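Below you'll find a set of structures to go through.
The same chain A turns up in both complexes below, where it pairs with chain B and then with chain C.
And then the complex of A and B:
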């Protein structure tokens, strides 16, 4: 048993079906950063994040907003000449940061994701009005007003549900989840 | 008659009910039967995968197992549902340990997934199972002269599944040509709409939406055609917010490809859910409006 597992190995272990350390094969060509439609808003571009992981700069990676700005569009992934699944890496970093309860302040992504999963575990289906309460109060006044206007118009067009949809076999569903996350399906 | 199991997904229940309506109407008219899965659950969008990967696979596998019982391949109209189901099926087929763990959980709902379901996106049913030629032969009201921007978005095409073209696919264009309209070529057809960033990183997502709308408008698109409820909401519902934030004046209709196909097949607007639009059908060229008497933007 070794106590010297590197940050890079830790992250590689979180990649589904990863063999070895795919990030080590990165040649720093920057195709991912050039392709990414959100790179301009990230603290570190995808290429930089990979470099930081390979250098073991854990603190800097966890302080970065990069992975929470990934839109999961997989554009980098299909273009990476080394076939690194960069989107999957961003998922792994999100999981890692939730697990460690460490993320940059002011991000909506982590709380929104948790609210979403709790909602599904409870009822089996998505219900937008409940979801909205997880983020709407983080918006500034202008954004808040715009979001409420949008929601009102959706409502008038009959595009917002008023009652949450629930699946029929909810008891079975919760017990099923309980086999994955012990007690997760039980309230 | 071709038959598929159909996984509508949460958005199609209300937010994108017009997609559901037009999907049912058009497939029926083209001799394809879609049977809605019994008691399906949410596919998890992208968020389950951020929190717990095993839970994410289990929730997708439940739907796959329900589909497998019917003996039919399963069709999803939403790109995110499609991607999640497709790759869950692929992973479970490859990874026996994962499949065993997930199936242990599925037992609680008397289900089992053995990996014998093919997952398709709804647009693939039109592009492959029906095909543009067959579609063309059924068109009664060709949308002649209408310039349509095919918007592929992300997760129909990406990640790559086999060796298919992920840079310049043409199947959406072929469907648009089949209904007599003109598919426009615009550089951002494969770019992301921002997805859930519209909530979590609003400024970034609104910029992405603006760029897309600009690219379509610069190439004289009369309407943008989508095959995903998330893309539709971002491009259409948030168009007003883009206008407020950037001082632009976009008014581009964003319609589901099934609605456009439905029009060309002569299905009445009401049955295609037309009238629930947000940016409404105040089309760029007047031709769209006069051709079908579409409702004007109500404000």
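And then the complex of A and C:
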């Protein structure tokens, strides 16, 4: 009947294995943010992100760095007293952000995620030398040098392959991926 | 059957219920249809009226019964839940057996759930037709009268049970007060102060305990448990195991020499919550009622090694009896009050709070004992080492409550309990106190004022559920302390608060054996394990089984004033029942036809009210009519079809279905309708 759905509903629809709008059940207790090991780097804590979504503050949510800093440790999800899958929410926000091509300026997260997914779809495996060069130029000089140093050490120890690994039956794999994620502008 | 020879005279009464029914259903049309088309069924009169349940409406029915000699009445109105009694009484007033009246619902089952007026009118006709076909097979029934035994069984000797027992005993009726522990008093006896007035718990409780112990009408059965309950409202028979105290109570003076001389120390996990020791022969606390000790046979050296007998040697009255056996008592009672209370949430389950691993994390009961001047530390608030006073204390709210991983419900007492702790810590040690809360819930007389008092005292309140308590330090200032990690949700900052002591304000849980208790007494408990009341608002005291009442935390978490109120209320209900001397029971019951019963016993376990007993000698089951609630479960379950429910016989049900399908109406009329 109504064509307009709220921002909260839009996000809830992106949560796998969730029914309805689980975010609405949040009691704002702060367990997630208290638990989060990277909360100190986030501009809005996970609890605040849920509050902002429930308020319909789409701009503020997309401008936030919270979900790009999520380390996927699932600690918040394990402890949440309302059994909200907060990590899943962070993934949903990443996908939404990429999908709408709207994210905070100056973040590594979106560029990296996009490069990573593209690489997997093309070759079926992650290949660090190519992956690194796809985002490394957005770094400043100091970070750039640090990355190169790290890579060299890994290379000397034989932990960094020189040739990309490919998988068998890549076409089948791509078809499979195509079913899981709508590739949109990826390829 | 003589039904065919002599036709019943049926009156049909259709109610408008203002516009509740008449707004959707064409009541006049339904009424005339019934008069014309159900003539063959025996309908002699059909009327409609604005409010059938009003006195005028009832008089209408009564007049017809007298003048037309009606033998059956069908009222089409609201649900039987609401007015079945009204119309049955109306029939009774006019000399017709009340069970020959049938109330069919055309409001809840028709007008309230449909918008199509034509279809709803047709449905109303079908419903009435079903009722008319059914009522023919109704039988005149008489309610069962059973006498009420004046004694009452109160299970659980906490404050709710004590209150209930005292009220009934003061009214002059005998009470059996059964308590599992060696002394009555329950959890309240463990507490130091009671919120919000901070009066000493023992000072207000012990007089009541002594009253209960001395009351001529109360038979105190401590260290005892109810093992079996038979019977029904008015005449229950309870089997109680009185565990051996290993001493002759008649000779014991409670002088205390035995537990002074006993060489065996045992950690007291029950009364002292693991904070202190007791002896193998002990009274839980000095004010215990009764004053007699018990020998804990699991830990007593004599029962382990066969020697010692120190208590026996020193006992001045020679009352120790190592060979004493458990006693089995059977008591007859008319009513039962269950007041078995609660267990503390096991805080070990929340591993991130570190209880059991970090020594200076305490549970709420441990703190109660610690701050009690009669407790193991003499009322000093100290760390686990027994001497250091804490300088900073964190109190964690909602531990095991309001959390779907543990218990979803709010334990309702923890906020006030935590505020009380904060006050006591500040008073006794002058420490900085942090309260970590999600919401402060202080909804009772004087509670909010107590919260304000705490705010004025300078206690810190941080709104956020504690994420974890750890001894892993990051900063020099955290060295040697416990760090409470939490988000202050009001400012959005993640905090690490170093404290010396953390108190977990743990929630209340149903007794670990509450499901077994419910089964024993034939009542039901919720998925959580709290016993279910008859009505959550209008009858939180009775249960669905007549004669069994609940009081205190066994029904759900509540504080002392509410437990006392519920205990007294349960007592009032019981006294009302006793005063009536006998009770009339609904005659809607199941009966088993002995000659058809194969003795398979399927029905025995199906019955939710323990109403079916099995005769081993004749190999047949029998329904106890006073216990049976007429639910019909056994009727449906019997593979031999040997059970019939009064008021729900096969004839009644099948003829009602025929009526609903309009099979009783001549074909062409049915189509026309």
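Everything below uses one rule, namely that the second predicted complex is superposed on the first by the 170 of 187 C-alpha atoms of A that agree within 3 Å, B and C clash if a C-alpha of one lies under 4 Å from a C-alpha of the other, contacts with A are read in each partner's own complex, and residues count from 1 in each chain.
By our rule, contacts are C-beta pairs under 8 Å (C-beta built on N, C-alpha and C of every residue); 3 or more make two chains touch, one makes a residue touch a chain.
What you see is a predicted model; the values in this text were computed from it and never measured.
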(Q) Contact-wise, after the overlay, does A:135 reach chain B, chain C, both or neither (first, second, both, neither)? (A) first
Q) Which one hits more chain A residues, chain B or chain C? A) B
Q. Between chain B (first) and chain C (second), which, if any, makes contact with A:34: first, second, both or neither?
A. second
Q.
Tell me the contact category for A:124 with respect to chain B and chain C: first, second, both or neither.
A. first
Q: Using the superposition on chain A described above, determine whether A:177 touches chain B (first), chain C (second), both, or neither.
A: first
Q. Which partner does A:108 reach: the first (chain B), the second (chain C), both, or neither?
A. first
**Q.** Contacts on chain A seen with chain B and repeated with chain C across the two complexes
**A.** 40
**Q.** Of chain A, residues touching chain C in the complex
**A.** 27-36, 39-40, 44-45, 47-48, 79, 81-83
Q) For chain A, which residues are in contact with chain B within the complex? A) 16-17, 37-38, 40-41, 68-69, 71-75, 77-78, 85, 87, 91, 94-95, 98, 107-109, 112-114, 116-117, 120, 124-126, 128, 135, 139, 143, 146, 149-150, 153-154, 157-161, 165, 167-169, 172-173, 175-181, 184
Q. In the complex formed with chain A, which residues of chain C make contact?
A. 352, 398, 402-405, 438, 463-468, 485-489, 492, 494-495
**Q.** chain B to chain A touching residues, read off their complex
**A.** 10-11, 13-17, 39-42, 44-55, 58-59, 62, 91, 94-95, 101, 104-110, 154-155, 158-160, 166-167, 190-192, 194-197, 199-205, 208, 211, 237-238, 240-241, 244, 276-278
